[in-house]
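Pasting the structures in now, so scroll down.
Shared between the two complexes below is chain A, which pairs with chain B and chain C, respectively.
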Partner chain A sequence: MTPGKKRLSYSYYPGCSLHASGREYDISTRALFKALNVGLKEVPDWFCCGATPAHNVDELLSLSLCAKNLSLAEEVEGDLAVACAACFSRLKTTQHHLKEDDSKRKQVEVAIDGPAALNKPVKHIMEILAREYGLAKLEESVKKPLLGLKVAPYYGCLLTRPPEVPELDDCEDPSIMEDLLRALGAEPVKWSHRMECCGANFTLSRPGVVLKLSNAILESARIAGADCIMVACPLCHGNLDIRQKEIKEAYGAPDSTLFGNIFGSELHGGSAPDQRDLPIFYVTQLAALAMGVASESLGFESVITDPKPLLRDKQLL
Partner chain B sequence: MKNKLMHLSNETMNIGFVKKVEALSGSSVRRCFQCGKCSAGCPMSTFMEHPPNRVVRLLQLGQGQRILAGRSIWYCASCETCTTRCPNKVDLAAIMDALRKLSWDADGPSKESYVQLANRLFIENIRTYGRQYELRLGAAFNMKSGQFLKDLMLGPKLISKGKLKMFHSKNKNIAEIEGIFKRIEEMRKKGEAL
Partner chain C sequence: MSRIGVFVCHCGENISRTVDVEQVAKAAGEIPGVAYSCDYKYMCSDPGQTLLKKAVAEHKLDGVLVAACSPRMHEKTFRKAAEAAGLNPYLCEMANIREHCSWVHEDRDMATAKAKDIVKLMVERVRKGKSLAPITVPVTKRALVIGGGIAGIQAALDVADAGHQVVLVERDPSIGGHMAQLSETFPTLDCSQCIMTPKMVDVANHPNITLYTYSEIEKVDGYIGNFQVTVKHKARSVDESKCTGCGVCMTKCPKKKIPNEFDQGHGMRPAIYVPFPQAVPNTPVIDRENCTMFQSGKCGVCAKVCGPGAVDYEQKDTLTVEDVGAIVVATGFKLYTIDRKPEGSPIQGYGEFGYGTIPDIIDGMTFERLASASGPTGGKILRPSDGKEPKQVVFIQCVGSRAREKGISYCSKVCCMYTAKHTMLYHHKVHDGQAYVFFMDARTPGKGYDEFWRRAVEEEEAVYIRGMVSRMYQRGDKIVVMGSDIQVGTQVEIEADLVVLATAVQPQDGADLLAQKLGISYDKYNFYSEAHAKLKPVECATAGIYLAGACQGPKDIPDTVSQASAAAAKVMTLFAKDKLERDPVVAKVNEKYCVGCFACKKVCAYGAIEEKEIRDRQGNLVKKVAYVNPGVCGGCGTCQATCPSKSIELDGYTDEQIMAMIEAL
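Take a look at the complex of A and B:
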């Protein structure tokens, strides 16, 4: 750090998933920021932003929940760092809508009984890493480059869409994940499904949809030669990691019956389908690993598709 | 509805409904010139009987009922691809939100709206606890939708991995959250909000 320059420091909205099914995202984010000497202070008493369900049912409620969280965040200094793609999208969308639409803003301010904090900058942690900490400095901080690791960077839906809201990257051809991976010494693969939907919150109500869409994503990553997939969203992680075994059972190797053989081989160009396990990493897990953070403090024990064999194979453990 | 000729008349065209959709979504439906770009990118269109571009077309023709009678709106994943790609700035994702709200307000839950059941339980959790309680969410959904065994095996695995919390504590500021819900209900009663 250059002398005289203030240490980077952020307020932090983890969101519900990061305290439960996405706990390793939270753990690794904290570990990474600590390793980089960037401050992170959790907003006290934050509550659920409503994610996709709230705006599906009731937009006013969704906007109000986010506006209240933004005003809670005002009590903590520093721009607001968000890791979950869904929370990030909802908080940014709320600021955007309320700035554009005065009558909505007034309704929301009645609902939350106070002013909405529309000017608190909300930033995704990837933005903080790549732009504020900076790619060059990140590269310098690497202690254990992720050499030889082929990663499929997966953006999913909400990080860049709709175009005027997240301001994170180009909405059709983003590159921030690839840039980060290169800075960490890993090799981003080129693949077709980096922005396709995984089925998101259908995981509870229509798991069949999730299996179909997530299968296509995993297939595409395997075809591109990836060893693993990198995500920045706990929902994507859940669908691709937790359901990987089920996906294999549903779309896996053709069974031994006649029809299984005929249709199975036809579908897979005559050869058996590639059934490799693909570990799903959070961006912060890979980054922290490259910064030399001990793997024990990155939450790998909570993951279903075990990443350790791959990491050992690449001599990263 | 399928294969039936569509008769456009004052009886079948419900322009009031379309106006509500436009007000709720803040998006015009008339701008659409049916290029189909929204449907081409929609990951869920194969699950829908009316893909996104047809939803807008039906709205242009005042045929809200035909949309609500089907399952399209309940299969939209809110991925925003349509809104992002529309050359005419039709905010289809917001239109889908508006349609879901209007359908729910008019008819309550239906067998196609399991998703909405999950959504409702999610929101109940916010009101009760302040944050999501994923274990309760899954259990309550399975009870209410009658799918008792679904994902039962996934549960213990996730708990042992520390991914599902067995217990949950309430937010300290739960009264403020209740206040938000109450004030929105009040505004709606008084007609001050949609």
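Take a look at the complex of A and C:
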């Protein structure tokens, strides 16, 4: 840290997934920020943002949940860092709606018994890494570059859309994940499904839909020659990681006519697209790994599709 | 002046609904000096004007006030009527009791009182009015046409055929514009080159046309009838007077792999080139950025092989000044290219369409070149990536246009028709192929147009899908097009071999800068603005400058040619007189009081104010004063408001008149 320059420091809203099914996202985020010497202080007494169910049921409820969390976040200094794409989207959406609609804001302020913190800057951790910490500095901080690792950066549907809400990147042609990967020494592959929906909303009610959508994502990543997929959302992670076995059972061998064989033959040494397991990494897991954080503290043991063989193969473990 | 007539108009019900016009007329009659007043339902109609004329004669009126609509609408009408009755037209004024009163108020009593006040003060203005005589200026009977596409060519030929000299300036090395790039044209499917190239030759051979290609407008001075236009002739590096157009230089040029702009970057050209074989003039130009000689000083092959010795590496840009009386602007359009987002562009791009990264997604003009016999594939429809014949082609309409959220809200007008044409051309050449079109609505309002579109759908069996495309991606050697069909209410996925985007029509690059040089107005998209959408569609608000073609807004060929001929007709009307009459409402300087501070010169938007030296009999300089060139003055009055010594005045709006109006209240 340069003397006289203030150390970056953020308040932190993990969200429920990061304390449960997406624990590895939480611990790798904390490990990464520690490695980068960036402060991260959890908002006290935070609760669920309502994610996708709440706004389907009751708009006022979903806005109030986020508004309350935002006002709790006001108690901790620093911009609010959010890792989960769904929490990020809901918090930003709430600020956006309440800024636009005064009467809604008044209703919400009655519900949460206080002012809504509409001007607390809410930032996705990728924004913090790429723009505030900075790509150049990030590249300098890399201790173990992820050389030879072909990664399919997966944005999903919430990170950049609708364009006026997250303000994270170009909603149709984003590049922040690719930029981060390049800074870490990895090779982002060009692939078609980086912004398709994985079907998270239907994960319990219509699993068939989820299998179809997630299968298409995994397939196109394989065709593009990716070794793994990088995500920034615990819901995407859930579908792509946990369901790989189910997807294989449901879809069997991929239809070679569906994808043609041009990419397959060139990129897989003549073999047709296969059903290789594709480890799913959180952006913070890969970044922390590159920063030389010990793999034991990145939660690799708690995922279903084991990433260790791949990492060993690439001499990253 | 003491015998003024006041004529109050009902404007149907436009005025009388809110203003008690009878009362206004009655009150006007009581103003001292008003000898006659009346009201009438339509003062502008023939009986209304007759009423005015009769009253002037019967009551020996020496001034007329018409209380009616805006002077913009009918001042000329009433001044003409007054003139017919023997009055000087500038002794007739209008009081605006419609836009300034009846339209903007609801309370009848208050509006009536206001109308009476307006009439009262305008009567004072009439009382102090003076007879004015029109200013005459000479006319240079020579026209300048900017842009050598079909619009510029048509306008130039029409004016030249009428016996006037024309200077045609084109910034590219050849005339022909976009129309020369097209394959076949709707709705008759005649070959574009076959109707275009003879016209290009006519231009080159016309004794009355001076053709400057590879030239740009540098500066425009002067005013209607008397423009001085500085034209920059960019260095061609080939002497036009010596070149015979044999083409040996082009075949011997060692650099041959430069993307050909005329073929939308799909064909190749050498560094010394003509844009296309039928170019006019058939004189090559050296593209200095790509020429080895200019980049490293080592080559000079073209100069060695040139028999007549026309290649001149030392050539420099030159300037000429052309005196012209009228200017026709015909700078045309460009197609929006969605992968390139220039700084300041309002367009946000279509990242999910993959244009620019997937080679088989092309725009409409590129398809024209693929389908054209003179194009890079010799007229065969072959896709750019691997040269295979595409069996499934998807056309997407309204890319960039009619998309407010993307920045352009207007309809580009020609795409429905040219896409229908593309599907036909495709089916004519690839018999086992299938064309799909994603569209919002089919807009085909032209003679024979709807029939043409129906033919594409019903007889040639293009599949039209109403709905838009969300994204496209490469899968193997196919492009997966994901869209919606809103008539069936379902999602559609098509595996296409080639995708053609009908992208928005935009004004040419630099259209705004040219407009600033010309002093004409343009809209937020940089299309040039006509003086009146309905009644003056080819004139600019700046006198003596006319518009033709797509520089004013998206247009198809028939509309463009019609407008070009209309612009030519306006030029000929201007040239029909030896002297031009201009409105005498211009500023005049009282040289006795003017101190020569030239504050007026700084604020004059028309550049009408010059410095004039006053000398005594011995020729010694006494002082410098301002002088208003009446031919240039726009009569806006800014100088009058600015002048600290009150020595500049606008005829018809003198300080004395304004003070009298104020005192009347």
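Just a few scattered comments:
Simple rule for what comes next: the second predicted complex is superposed on the first by the 297 of 317 C-alpha atoms of A that agree within 3 Å, B and C clash if a C-alpha of one lies under 4 Å from a C-alpha of the other, contacts with A are read in each partner's own complex, and residues count from 1 in each chain.
In this text, contacts are C-beta pairs under 8 Å (C-beta built on N, C-alpha and C of every residue); 3 or more make two chains touch, one makes a residue touch a chain.
Fair warning: this is a prediction, and the values are worked out from it, not measured in the lab.
More chain A residues lie in contact with B than with the other chain of the pair chain B and chain C.
Look at A:Arg23: by the touch rule set out above, it reaches chain B but stays clear of chain C.
Shared-chain residue A:Ser192: touches chain C; no touch with chain B. Legend: residue contacts after superposition of the two complexes on their common chain; A:Leu317 is shown touching neither chain B nor chain C.
When the two complexes are overlaid on their common chain A, residue A:Asp173 makes contact with chain C while staying clear of chain B. Once chain A of one complex is fitted onto chain A of the other, the partner contacts of A:Leu158 are limited to chain B, with no touch recorded for chain C. In the superposition on chain A, contact of A:Asp58 is made with chain B only, not with chain C. Applying the stated contact rule after C-alpha superposition, one finds that A:Ala35 touches neither chain B nor chain C.
Counting contacts as defined above, chain A residues 171-172 meet chain B in one complex and chain C in the other. Within the complex, the chain B residues that touch chain A are 24, 26, 43-44, 47, 75, 77-81, 83-85, 91, 93-94, 97-98, 100-101, 104, 114-120, 122-123, 125-126, 130-132, 134, 137-138, 141, 145, 150-151, 154, 157-158, 161-165, 171-173, 176-177, 179-181, 183-184, 187, 192-194.
Of all residues in chain C, those touching chain A in their complex are 348-352, 357, 473-478, 480.
Residues of chain A that touch chain B in their complex: 16-17, 19-21, 23, 45, 47-48, 50-61, 64-65, 68, 101, 107, 110-113, 157-158, 161-163, 171-172, 196-197, 199-202, 204-207, 209, 213, 242, 301-304. In the complex of the two chains, the chain A residues touching chain C come out as 170-174, 190, 192-193, 195, 220, 223, 258-263.
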